[in-house]
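So, here's a batch of structures to check.
Each of the two complexes below includes subunit A, the first together with subunit B, the second together with subunit C.
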Partner chain A sequence: MRGLAALYVQQFKTTFASMVQYRASLVIWMISHVLEPLVYLIVWSTVSYTGGGSVGDYTTREFAAYFIVLMLVNHVSYTWIMYEFEYRVREGTFSVTLLKPVHPIHSDIADNISSKLITLPLMVLIALGLAAAFHPLLAPPMWAVVAAIPVLILAFMVRFLLEWTLAQSAFWTTRVTAINQIYFVLVLFLSGQIAPLTLFPAPVQLVAAILPFRWMIGFPVELLLGRLSPVQALTGIGAQVVWLAIGFALFRIVWRAGVRVYSAVGA
Partner chain B sequence: MTSAAIHIRDLQKTYVVSERESGMKAALQSLFHRRTTEVRAVDGISFDVAPGEIVGFLGPNGAGKTTTLKMLSGLLYPTAGEASVLGFVPSKREKSFLRQITLVMGQRNELYWDIPATDSFELNRAIYRIPISDYRQILGELTELLELEPLLHKPVRNLSLGERMKCEIAAALLHTPQVVFLDEPTIGLDVTMQRRIRTFIAEYNRRYGATVLLTSHYMADVEALCRRVIVIHHGKLLFDGELASLVQKFTAHKTIVVQLENPNADLSAYGEVVSYEEGHYTLRVPKADTARITGRLLADLPVVDLLVEDPPIEEVIEQVFAQEGS
Partner chain C sequence: MNYLRLFGVYFRVSVLSELAYRVNFFVQLFQSLVELGTALLGLAVVFSYTNTLGGWRPDEVLALVGVYFIVGGMIGLVIQPGMGKLIESVRDGTLDFTLAKPEDAQLLVSIQRVEIWKLIDIVLGFGVLATALVRLGETVGGWEVLSFVVMLLTGAVIIYSFWLILATLSFWFVRVENILEIFQSVYEAGRWPISLYPGWMRFALTFIIPIAFVTTVPAEALTGRLSAETLLGAVLLAALLFAISRVLWRIGLRQYSGASA
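Moving on to the complex of A and B:
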């Protein structure tokens, strides 16, 4: 464990050093991360405003809260591993990684957390700016704020494991972009990213409850908005734990098979 | 178990590659039916390398050198045969195995592009769990041997190809691996840089007793470093032995360079005149006749100087492949 901790610390320093080299792309990345929830926020605020101040069980100010919190939750659980993995396999740089006596997922986790810690202060500033502009209604109970800590960690772990596993499709096919597109559309609709899931018809909500996407994004947002009962929160944590177990099992199976394929066709 | 650092028996690697004709029709057909062919990259080779040995691994492009090195470092699963490195089965990729080997590939990089090499070195220190005192010592030695000092604190993207290669080699050796696979470590470098890297490899081998398996297209690398060479072609082993006996085995000729007092003689009766330059004749003669022809030259002509040489190693290797190819 101490060895891994040292690796995480070192990866943090390396990621930090690399990131500050790319100030321009850092800003562009941040803008894209803010822009998407901002667009939904403006669209839904407008819809709500013209609809007499609410849509479903969300008022205009609650929409504002939803999308500002979503931006922050997404910042915590977001990964870019699917683009990264494709590049590694295509360019053959994965071979260098495979020669290392450490599972490559560790460097990726460390790199992901590092990047986010580095950009977090700016994200918080932006959230505060948006709050000043859109006056969100946000008053979660204390227990929900405390519960949000493990929920966010679980959301990150589930999303990271699933996307890392899916990214390994690059071992089998060179058309990873198509798979990514399908995945992103599913996430967009079934995680609560494009709109709160309670606004969708019941069957869609059921599908969303079964699939993992809601537990990676929508569920922490709803919790932080104070929209869930303690029982609902516990059920959600249960779903996250189940998906974490599934994700871990898939990750192990796919990794073993993937490396075999990579090693068979010419690393 | 075997006492050899590297041991392979009947090692094979077959790739399955899909192929199709160009054009729309073929593209559509390939949607439903993929035609595949098998390519035998490595076709049953066997050899042992003793601990501390430096062996040159030679062959033309596509001979199977890199495939073999990748199998030995655990990147590729062999199709058949056995391989063991330091007693480990490479394809299992055990951590204790990976900690003791390295593979340096000329075109692959493990340094972060935008940050100084030392930052990447530090990351490797954490990955290989090198104790800080050992790390400082080895980094000091590598810095001295490869003259890295002025390069360490510049972003890698600002280094020249040769400078970057030196840093790559240092990064790959920080954990002082016992077995070093070098795939074209001097490719694309100028002569001075090639020589420096060569000297370094010899010194690393001497200091750490490391086993080195080296591929290179530059015969100067091989001549300077390897007493023993293994030659493969089309995935098969052609020769395994001392460099000197490779020359013996595959050359039917020797070169006689002779300088005469009167520069206008006709020497074609003694052998094939390969060149004539400022009074120096270069003759190619059958190896078996070398002594006799030398004797005749000395007896018949006013010889100022005479030198009997083996042909250059490049020529020998070329001949080996030409013979096999025909």
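Moving on to the complex of A and C:
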């Protein structure tokens, strides 16, 4: 356990050093992360404005709050492991990782968390700037803010495990871009990134409730907007825990099989 | 004419080398269809709650999506691969080989790489555009079509010059790939009418990264909402940017020393 803690600390230092070196890539990463929610914020604000100040159960200012909070929540739970894994397997750098005496997921987790901590101040600054520009209406009850802490941690864990597991498809095929694209489209629509899920038809909402994507992004956002009752929040946490368990099981199974395939190819 | 013939040669070489990887066609087709499907579904969701978006009717925004795909396809077909290669060859010195050829080097670097499967995006884009036009029906006359074609070409010149200017910067600052990446993520904002955005964004998307002229303006031309001033302004901007890119390219070349030299 202490060895693992040392590893996380070391990984944090390494990531920090490389982040300072590659500031430009950080900026690019931020731009795409800010621009997408910003575009949908503007689109939905326009729709709402045309429709007399609200669409469904969202007013113009609530849309602003929704997409600004979504930007932050997405920042917390986002991973880039699917691109990274493809590169590792294609270039063969994964062989070195496998030689290390700890599971490679640990350095990935540490890497993810540390680079996000570094970018967080800038992200918050951007959020404040957007808040000044779009006047969001955000007044969550105290309990929701407190509950958001475990919910965000769970959202991060579910998303990380699932995407790490999916990233391993690179062991089997070199055409992971197509797989990734399908995944991103599903996330885009069913997590609430294009529009709040309550604006979708009932069947879509049902599918979104069953699949994991909503629990990674949309659910924390709705909680932070104060749109959920305590019972709904608890149900959501339950769904997150269930998906965490499923994700963990899949991760174990796929990892065992995947490493075997990789060694067979690399030999 | 000679330029067209050269482009033909480069195009044929790309076709021949890509035909060895025919599966790539289906991969690209699949990806383009998914991307198009995403865009259309997004429109469907938005327009299930309204029938006008900032004054644009659904089919007009559909036409805009068509233009977005056509221009995106053009960028992916020649501009992006060529400029990416240019930056790379300035860094590792292989630009020497291009400079040694008896043709205009700017032309050669611009057409040196053709990603033929991106034609799929262009074809799909025209398909979407045609669908939108049929549905818009009566409002599209000869003038609209003519001004659209002119604006599409103008947009292509603007975007080409813009990329060349950025890529030329690599003569001074070796690592500039990142700027091109930024363009790709900002381009997505062009899928919606620029008039939706607040003033500062509209300014940035018009004058700093000229995406407005590339997607919104051609779509405006087609839907008959283009003013003569905008049309003239776009043509002037295209001429200006093209001239700047040419001058910068010349100055930049003088700066280039070649890694092998």
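Here, the second predicted complex is superposed on the first by the 266 of 267 C-alpha atoms of A that agree within 3 Å, B and C clash if a C-alpha of one lies under 4 Å from a C-alpha of the other, contacts with A are read in each partner's own complex, and residues count from 1 in each chain.
Keep in mind that, in the parts below, contacts are C-beta pairs under 8 Å (C-beta built on N, C-alpha and C of every residue); 3 or more make two chains touch, one makes a residue touch a chain.
Note that the structure is a prediction, hence the values are computed from the model and not measured.
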Combined model on subunit A where subunit B meets subunit C, clash or fit: fit
Touched partner set for A:A257, first subunit B, second subunit C, both or neither: neither
From subunit A, separation angle of subunit B and subunit C (C-alpha centres, steps of 10 degrees): 80
Which superposed partner A:L120 touches (first subunit B, second subunit C, both, neither): neither
Partner chain(s) touched by A:R175 [first = subunit B, second = subunit C, both, neither]: second
First, second, both or neither for A:T50, with subunit B first and subunit C second: second
Partner chain in contact with A:V185 - subunit B first, subunit C second, else both or neither: second
Partner chain(s) touched by A:L234 [first = subunit B, second = subunit C, both, neither]: neither
Gap in Å between nearest CA atoms once subunit C and subunit B share a frame through chain A: 6
Common interface residues of subunit A - those touching subunit B in one complex and subunit C in the other: none
Residues on subunit B engaged by subunit A in the complex (per definition of touch): 15-16, 67, 70, 73-77, 91, 93, 95-96, 98-99, 101-103, 105, 108-110, 112, 114-115, 119-120, 122-123, 125-129, 155
Residues of subunit A defined as touching subunit C within the complex: 24-25, 27-28, 31-32, 35-36, 39, 42-44, 46-47, 50-51, 55-56, 133, 175, 177-178, 181-182, 185, 188-189, 194-195, 199-200
Touching residues (chain side subunit C, partner subunit A) in the complex: 27, 30-31, 34-35, 37-38, 41-42, 45-46, 49-50, 52-54, 175, 178, 181-182, 185-186, 188-189, 192, 196-198, 201
Touch list for subunit A against partner subunit B, complex: 3, 6-7, 9-11, 13-14, 17-18, 21-22, 92-93, 95-96, 98-102, 107, 260, 263-267
